[in-house]
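Please find the structures below.
Two complexes are shown next, each including chain A; its partner changes from chain B in the first to chain C in the second.
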Partner chain A sequence: MANSIVVDGSRMNKIIKLDTYNMQATCQCGTPLQVLEDQLRALGYTTGHSPQSKPLAQLGGLVATRSIGQFSTLYGGIEEMVVGLEAVFPNGHIARIKNVPRRAAGPDIRHVVIGNEGALCFITEVTVKIYKFMPENNILLGYTLDRMKTGFEILRQVMVNGYRPSVARLYDPEDADYHFSHFSEGRCVLIFMAEGPKAIAEATAAAIKEIVARHPECQEVDSRYIQVWFDNLNWDASDVAEERAEILETKNIGNTTEISADWEKINVIYEACVERIRREVPDMTLVGGHSSHSYINGTNLYFVHYYNVVDCKPEEELTKYHLPIKTIIVEETLKAGGAICHHHGVGKYRTPWIDQEHGSAYYILETLKRAFDPRGIMNKGTIFKG
Partner chain B sequence: MSLTREQIVEQLVGILGEDNVVTDEAVLRQSSVDRFRRFEELHGVFTQPLPAAVVYVHSTAEVAEVLKLLIKT
Partner chain C sequence: MIAMNILVCFKVTPDLDQLPPDGWEVDRAALTVETGFVKAMINPYDESALELALRFAEDAPGPVKLTALTVGDRSADRYLKMLYALKFDRAVRLETGADLRFTPEGIAAAIAAFVSRNPHQLIIMGRQSGVGDNAATPLLAAEKLGWPCIAHVTEIRSLQEDLLKVRAQADDGFLSYAARPPLVAAVGNVPHAYLRVPTLKERLGVREKKVEIVAAALPAEEGAGCTLTGLDVIDRRRAGLKIEGATPREKARALYELYLKERLAKL
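The block that comes next holds the complex of A and B.
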């Protein structure tokens, strides 16, 4: 946006209170999650939030984008972690949502703020739940298998039978080859982590083993391989710098697009998107993806797409490759009845489909924009068109 | 009330102080894009309009003052 103002809250970075009796931590918006998490772990606690961006992300942004972490299948997304918060609306009104364990005092107003992407208000303070940190009880399990469809069914059986592993991930062969080429051998990869109190972690791991054993195509992988992956989950500034150098050198660039759908639809969307991207978009070097966040009624799909940028100016890369890929994924997801944004937010590039995503319920969303930001000064073109 | 880019920056400096209002062109260029446009950015190509300023806020009250200014302009 020409002549816009970028408001940077990163210097509002104080941890206001670590309350280990009521199990909640209060921070200013610019507090890095890594700083909060390190302080909590030193005391034997954790937020349970572990997005890949943990070394770079700050609490306000994590809430504004409705983020999710790698342990979400146990701890939930950020929307299940936020207790209360403070936000400033475009007219300068400061709203504080108090910290209570639950209430039925009208609609849950936290959800007007969580995921607003700066289009309705600016988040200044956040209180999140904390949990006991018991990494000594973690149990990692890994398998290779032939088909995504089998993997989705195993994830479904784990969830519907009432188990809550913190990690439940299924990679297709191309994405598995990118992360696990030392053992995947062209197959899909399935990973679980059970955590929490020892007896619960052990019962969860035992049940997962039993469910997997019913699918003979699964082969167990040495858990040390999975431990190496687990110890290198996140991206810090040096990873970002390394990726930038690689892109410049190779002209090969990768991006991701994440969606969600119920158990019946997820494999349909996966197969349709992979087939169409391979057929319609040139110069692809990797078309694949993984499921990394499961729920009782469905899961997400995190498409991973890499391509060589060939015969085009730098400013044409988006329109020649990235946007056509995103469009295919959004179209196929909408056609099947899934959600076009699972955890990266809408941003400016999925806003054109926001009304199709919500259908008749878009009325609720656009009314919020009209009510809180009638002059449209907040992050124009994000979530809301125009 | 319609303010020019210079007038907006001047008023922001009035609220936040000079040190917290950045108008350096290199910073504005970097702030005009995010990771989504990193291919063109890596090649030194910036296709998006530039913001007028990047401002650092230090309190909720400052955020409120900034937004109250922007809604009037």
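The block that comes next holds the complex of A and C.
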């Protein structure tokens, strides 16, 4: 963006307080999540937040982008973890939202800040909930199965029957082949992790096994496959650098687009998007996806799309491949009534559809921008058009 | 113009980077390391060899026929199918039924036997893999065939119809050879390390193509020269200690008394 200033909060990296009595941790915005998590785990606690970017991501950014982690089905997204925070608004006003368990004192103003992507304010301090860390009770389960539709139904039954595994993931055959080719054999892959107090973890795992057993197409796999996957979940800077080198050499670029929808619509969106991308976008090398965050009323879909950049200048890659893929996914999601952004935020790419995403409620969002950033100086072109 | 037949040998290996330091389960009696739960991949040196062969075929003035060959079980078939999609003419898997992880003599014999029945002018393969880690297979294959072998190859080009320009890395520089096939090229650290990716259409186009599976009985004496008798893990753990003290002076004193004094006295 021309004429822009980037404000880097990474040197505001102090952990202000680890309060293990009230179960909350307060950090400056630039505190890396990995640093906070390591300190908490040494004391026997965890934030429960574990995005793939954990080794790199900082608390302020995680809140600003409305982040979610791999254990979200139990712990929730960042919006369920944030207790209070401090933010600076474009006019210089510093707002502190105090740390309380809950309150009914008007609308929840945390949500004006959480997910604002720097378009309304700059987050300087965050307080998040913490939980007892009991990895010794973790139970990992893995299955292969034929159809995504069956997998979605299993996820639905787990959720509506009141079970909360921390990990509940369903991979389609293409995505499963990318991650689990050593055991998936061209099938879908379903993964669960039950955690928490021993009795709860065991009851959750037992219930999941019972639910899965009702679907004969599911075949259980040795949990050590899942353990190895689990041990290699997160990416650090060297992984990012290696991927960059591979992209430059092979000209094969991968990206992801995440959406959500209710249980009735999710498979409709999945099938429509995969079919259209394969048919409409050239040079695709992988089109697939997985569900990784489930709720009582629906789930997300994390589309994974790789393509070879062929006969194309670097500056044209975006318009030849990336945007057409995003457009298909957004169009099909809107058509089915889903949400076009599940956890990566809106960014610049999906802002053109933001009014369609919110419909008549866009009035509320738009009014926030006019109220807090009337001169439009904050992260122009992100979330808000113009 | 007669086509040049190139054989590219590759091995499917576990991605050992996925194993944490305490995740190495070594069975000293059975002489095995448990890697079955780790994601598989094409051995990185072999991946470079495959890409190098594709680039050679694209740039060669005459026709080139590429054969991909591996020794192993059916878990390798998905990689062989992918190589069909990348325009390899043949994709062959030698089934020996034997455990060949630490027997480069056996693998070299299987490769040589295949070449004797299926003439090739050039064999390209990675110089070593992370499992046996002996860097012996290319040299042994060349010996069995009576061919020259160039090690640490980083580039192969056509000079003339029957003359190759081969670049290889030495400790302090590069060596360039004019080489006349037949030849074994053991690929080292090439600048283009990654194998290209086939498109969905290319994969779809070869869906019905079958991997050639060849039963390859090994001569009884192969592998008998060196027999694996032990497996031990190198302990690479490092310890760190935090020296406690109220002041830098106290910490320095503790460092001296506890860790330096005795060592300095021995100097």
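In the analysis below, the second predicted complex is superposed on the first by the 386 of 386 C-alpha atoms of A that agree within 3 Å, B and C clash if a C-alpha of one lies under 4 Å from a C-alpha of the other, contacts with A are read in each partner's own complex, and residues count from 1 in each chain.
Convention: a residue touches a chain if its C-beta (ideal position, glycine included) is under 8 Å from a C-beta of that chain, and two chains touch if they have at least 3 such contacts.
Everything numeric here is computed off the predicted structure, so don't read it as measured data.
**Q** After the overlay on chain A, what do you see for chain B versus chain C, clash or fit?
**A** Result for chain B and chain C: fit.
**Q** Taking the superposition as given, does A:347 touch the first partner, chain B, the second, chain C, both, or neither?
**A** A:347 sits against chain B, while chain C stays out of touch.
**Q** Figure out whether A:315 sits in contact with chain B (first) or chain C (second), or with both, or with neither.
**A** Only chain B; A:315 stays clear of chain C.
**Q** For A:99, is the partner it touches chain B (first), chain C (second), both, or none of the two (neither)?
**A** neither
**Q** May I ask for the angle at the C-alpha centre of chain A between those of chain B and chain C, rounded to a multiple of 10 degrees?
**A** 90
**Q** For A:125, decide between first (touching chain B), second (touching chain C), both and neither.
**A** first
**Q** According to the stated criteria, A:86 is in contact with first (chain B), second (chain C), both, or neither; which is it?
**A** So A:86 only meets chain B here.
**Q** Which partner chains sit in contact with A:222 here, chain B, chain C, both or neither? Use first/second/both/neither.
**A** In the superposition, A:222 touches chain C alone.
**Q** Based on the superposed arrangement, let me know which partner A:4 touches: chain B (first), chain C (second), both, or neither?
**A** Touch status of A:4: first partner only.
**Q** Per the contact definition in the header, classify A:375: touching chain B only (first), chain C only (second), both, or neither.
**A** In the superposed model, A:375 contacts chain B only, not chain C.
**Q** So which one touches more of the residues on chain A, chain B or chain C?
**A** On the superposition, B touches more of the residues of chain A.
**Q** Looking at chain B versus chain C in the superposed three-chain picture, what is their shortest Cα distance in Å?
**A** The answer is 15 Å, the least C-alpha separation in the overlay.
**Q** Both chain B and chain C touch chain A; at which residues?
**A** In chain A, nothing is touched by chain B and also by chain C.
**Q** Mind pulling up the chain B residues that touch chain A in the complex?
**A** On the chain B side, the touching residues are 5, 8, 12, 31, 36-40, 42-43, 45, 47, 49-60, 63-68, 70-71.
**Q** Which chain A residues qualify as touching chain C in the complex?
**A** Touching chain C from chain A are residues 177, 179-182, 222, 224-225, 227-229, 231-232, 245-246, 249-250, 252, 278, 283-287, 306-308.
**Q** Quick check on the complex: what are the chain A residues that touch chain B?
**A** 1-12, 86, 88-94, 122, 124-125, 244, 247-248, 253, 255, 309, 313-315, 317-318, 322, 347-349, 375, 377
**Q** In the complex of these two chains, what residues of chain C are touching chain A?
**A** Chain C residues touching chain A: 18-20, 23, 36-40, 75, 78, 192-200.
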